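Next come the structures, one after another.
Two complexes are shown next, each including chain A; its partner changes from chain B in the first to chain C in the second.
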Partner chain A sequence: MACNSSTCNSSGCYKGYEEEEQPKPNTKAAVNGGNSCQNLCVKCKVNEPVCCGIGGENSRFCKDCFKNNLYGKFKQAVTYNAMITPPDKVLVAFSGGPSSRVVLQFVHEMQYKAQKNYDANKDKSLPVFGVGVAFIDESSTHSFTSLHIEKAIEDIRLIVSNLAPPSKELFVVPIESIFSSDGIDGKERLKELLDAVSDVTGKEDLLIRLRILLLQKIASENGYTRIVLGTCTSRIACHVISATVKGQGYSLSADIQYVDSRWEIPVVLPLRDCPAQELNTLCSLDGLKIVELLNGPCSGINGLVSSFVKVLQELILHRKGNSVSSCWTFKRRKSFSRVHNSKNSWEAHSISLQQGSGNP
Partner chain B sequence: MHLTLEFGGGLELLCESVKIHNVNVDLPKGADKLSMRDLLAWVRTNLIKERPEMFMKGESVRPGVLVLVNDCDWELSGQLDTTLEEKDLVVFISTLHGG
Partner chain C sequence: MEADSKPKKSGARLCCVCNQNRAALKRPKTLEQICRECFYAVFEEEIHQVILENQLFKPGDRIAIGASGGKDSTVLAYVLSELNRRHNYGLDLFLLSVDEGITGYRDDSLETVKRNELQYGLPLKIVSYKDLYGWTMDEIVKMIGLKNNCTFCGVFRRQALDRGAALLKVDKVATGHNADDIAETVLLNILRGDIARLSRCTSIITGEDGPIPRCKPFKCTYEKEIVMYAYFKKLDYFSTECIYSPNAYRGFAREFIKDLERIRPRAILDIIKSGEDFRISTTTKMPEQGTCERCGYISSQKWCKACVLLEGLNRGLPKLGIGRTQGLNSDGKKDRKRDSRTPSIESKQCGSLEF
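Then we have the complex of A and B:
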């Protein structure tokens, strides 16, 4: 099923993100050879760049190096934090959006490579980790038409079925099943619960909490040992600020770790070092289909913080000539007792932008 | 000039939920080229039906909106000064919604 076409962008194509692969020289660049390094990919210095990472001028990549760079960050996070080991069964939470689409793709790539190695290996000592996908149907809390949601679910089924072999089980679970398996009763109870919260931000946060509880339920009932979220750098940045303004500082440290072991089934964030902009660009360049179920802009604190983070990012990125490294660092306060799995001084390196001479 | 414009990440909600638009944009008076600056002004007037502040800020796009011209980040081709050619594909993606 491997595709030999270099231009194939199908989501089922296994041309893969080869970390050591040398990209083929682009004819145009070769002709312009000695012209200037400014117009070449900063990594391979051969091809013309097509995308900018968030590092501005220091992160102009050609398509292949851009993909490899992102996959490299994912792989590093998984390896250094032992997120996925051979006996694991991982449940990927797939919302249909760009971040979870990328994490699903990357997890699949990793599983596919592990399967190839297993098949080629005589002693079969290391099993291949299992992958399942969970989509939470929140249509009862939004105003989507049933046609809209049915189409979305159909698209998701197609995406998951194309990511095989190895095949992946897909769970499409309505949010109200957090209460019971009886759909009608669950919907009423959910509505009652949400109506009890009067503010927009409160409702959003409650839904986020219900989502993770439901994912825990699905994982636990089906023998999964890890839950993979597509939470990216930008989302972490927003969470740091919004949690601070909401007075949720106590749990903040544990909220933003690579591995959150506070839950029965640990929750892992392999895209923690990848900014949203790069994930969106990858989806666009690589033809990764996303399924968007959007309910309009968020009007609460979370939406406001998201906009603020973007503005800040743009301001810093376009400030010319300065060497700016922007990290938000919060020192550990004595009043915080030990938080499960937190580091000594916890830092929210939500956005780390560099300009100028490329120092770390 | 015939162009294809795509809106994603929620921006299509501002254009009556239509994601792909095949448009014909007139060059501004006295100009021989169409820049992204000109195109953005055209889009705001002709395609954005509600909440223009979600798409644009000043003469550029709102922070958080990714712009790709023929699959290439516009940061690399001069941002607002990027010149467009016949049948170019311009993609606008809002990264404000998570995934």
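Then we have the complex of A and C:
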């Protein structure tokens, strides 16, 4: 199963079954040298490794290489799919969790580099893309104390203000403003809408839908041209199964593309190739603050699917023994990478598996 | 509609279809309260509609029913002969059974099939692995252990059914694969990333370009309803799991689907619908169909999978043909060890994961 990138060198990247059979000289030497403890980062072979990639014992990276690896995946997804171009204004959807924190950080770093280039360049031909951040306040649908939500919003303001220059506008929008009228009426209407749905799964799915609709509204009212979500591989894997299970097979292929251009403001997923585990690790390594708003575990079908995916991950790890391929293979397969690319045509979206396209 | 949101009322409820008899059971597919007679009627009618809408049979067809002695094939034999009579399909029905040579399991279930032959008046033909391949499953498991045995059994069974069907000179083979089986297969193919199979596994008729087409009249029938039907009608069937199946990967998919059914019974049909609706890229490379050089069976590689596996057994190389390593078909080419078989042929209870 070939990796998206022909130049990807990370050990965590799974390049094909035949390679799995042959021992990798660098890791083998290290393993032969001692017990499971490897002394050098597998990438730069200079620094001490501090963490594991998705490949487990055989992909121990030092902090810099680990971060570069992840950032590299992000950058590649952005460039290859033309997600962010100089004239764009991108709205980063921020939930407070690790994936959105990482995507915000990476988008900021990209913008920062672009700004530096712009300042250093006498030409000033290519403008720097704009970045805004949107946080949706769903406290009216959950039972948070107002203190809890206010603290969370404060933390978020702090995070965003620290990510300057270049400065980013922050939108804190309550979910009920999906209705055009003012706040008070909106809360009642939202409650009425949600109560009308008796099915637990249906209610959760409705909320997800309202969230993205609200993001669309914020983006179009404020002149943004792209919406960036921090959706990671694990979430895509869960979506593949839950969409199948809900009878949404037809739209599934369009749901999991890097760029979803069915919306008025295209929605892009630059972290699509990054596993949740690595994003979590990056947050703790780099001290990226996460704002945990405990919405409670998903129940119904969505909760069942995420526990199933977890069980399978562990099963594959356990069965295969060699964890180099296990988790990554599973997620790669689940991610149904696209072969056919057509951004504007709904019908042309298609599923293909990189592996299934003939590469052994 | 969620199962747990319905309050349970005490007291007799009327059947929601006839409104006359007392409701005897809750229909697993729709959670309707229904009486026995109406349940039989709606069960049989739905299958009849599936047969008509998909034009599964035509008058004068000779049909072999894959009979294992288990609930699905017994109910299939019963319902098909009943519908054949009631609606004048004009079919010649036969029972076709495969003896894999699993002591304590298959020999008992074969007794059930022999009883079915008498009970339903359908002629029976048994084909055995020993006759066809020279190996019983017991011997195979002794050699290769318990890890990939389902692969062997499934591949061999497919060919065995085709050979038996050819001996009987039938036009089609009907198998008892039910909605749960097909949903599990869709899910498994997704998890394995097997796009080629994914596009084929929801078809109700498969192998039309092969030796003998197969059909699955129970494609929309829930396993729970088949069990209920067999139980209430007191049909004779064998209900033990294959003794070699516990390690199968399919078990996880099955557990998941059972949990799903509890939350939303429709989900099983929804999975099948999703499977039908997936849009597959035309640039995905699909295996091309040819014939096996050794036995002439259809195959996408030089040798069909059964021949590869058999060669492995005879040469004492149990891993030959298992997984995606280079095998007999290498010749320096990196071919995939995939033949053009559809997942419908794998044993219904299990199927090991090939990495």
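Just so we're on the same page, the second predicted complex is superposed on the first by the 277 of 360 C-alpha atoms of A that agree within 3 Å, B and C clash if a C-alpha of one lies under 4 Å from a C-alpha of the other, contacts with A are read in each partner's own complex, and residues count from 1 in each chain.
Here is the rule we go by: a residue touches a chain if its C-beta (ideal position, glycine included) is under 8 Å from a C-beta of that chain, and two chains touch if they have at least 3 such contacts.
Since this is a predicted model, take the numbers as computed values, not measurements.
Student: Should A:311 be classified as contacting the first partner (chain B), the second (chain C), both, or neither?
Tutor: After superposing on A, A:311 lies in contact with both chain B and chain C.
Student: Under the stated touch criterion, which partner chain does A:60 make contact with: chain B (first), chain C (second), both, or neither?
Tutor: A:60 contacts chain B only, not chain C.
Student: Touch test for A:281: chain B only (first), chain C only (second), both, or neither?
Tutor: first
Student: Once the shared chain is lined up, is A:85 touching chain B (first), chain C (second), both, or neither of them?
Tutor: Neither partner.
Student: Is it chain B or chain C that touches the larger share of residues in chain A?
Tutor: It is C that touches the greater number of chain A residues.
Student: In the superposed arrangement, does A:246 touch chain B (first), chain C (second), both or neither?
Tutor: In the superposed model, A:246 contacts chain C only, not chain B.
Student: Applying the touch criterion given at the start, work out whether A:301 contacts chain B, chain C, both or neither, answering first, second, both or neither.
Tutor: Once the two structures are laid over each other on A, A:301 reaches chain C alone.
Student: Output check: A:162 vs chain B and chain C. Expected answer is one of first, second, both, neither. What do you get?
Tutor: Neither partner.
Student: In the superposed arrangement, does A:200 touch chain B (first), chain C (second), both or neither?
Tutor: Second partner only.
Student: Pick one for A:230: touches chain B only (first), chain C only (second), both, or neither.
Tutor: So A:230 only meets chain B here.
Student: Counting contacts the way the document defines them, which residues of chain A are shared by the two interfaces, the one with chain B and the one with chain C?
Tutor: 311
Student: So in the complex, the part of chain B that touches chain A is made up of which residues?
Tutor: Interface residues on chain B, with respect to chain A: 8-10, 13, 51, 54, 62-64, 66, 68, 71-73, 75-76, 91, 93, 95-99.
Student: For chain A, which residues are in contact with chain B within the complex?
Tutor: 49-52, 56, 60, 63, 95-102, 230-232, 234-235, 276-277, 279-281, 284-285, 290, 292, 294, 296-297, 303, 306-307, 310-311, 313-314
Student: Using the touch definition from the top, list the residues of chain A that touch chain C in their complex.
Tutor: Answer in residue numbers: 1, 17-18, 21, 198-201, 240-241, 243-250, 252-253, 300-301, 304, 308, 311-312, 315, 319-320, 325, 329-330, 332-334, 336, 338-340, 349-353, 355-358, 360.
Student: Within the complex, which stretch of chain C touches chain A?
Tutor: My answer: residues 1-2, 5, 186-187, 190-196, 252, 256, 259-260, 263-264, 266-267, 269-271, 273-285, 324-325, 334-336, 353, 355.
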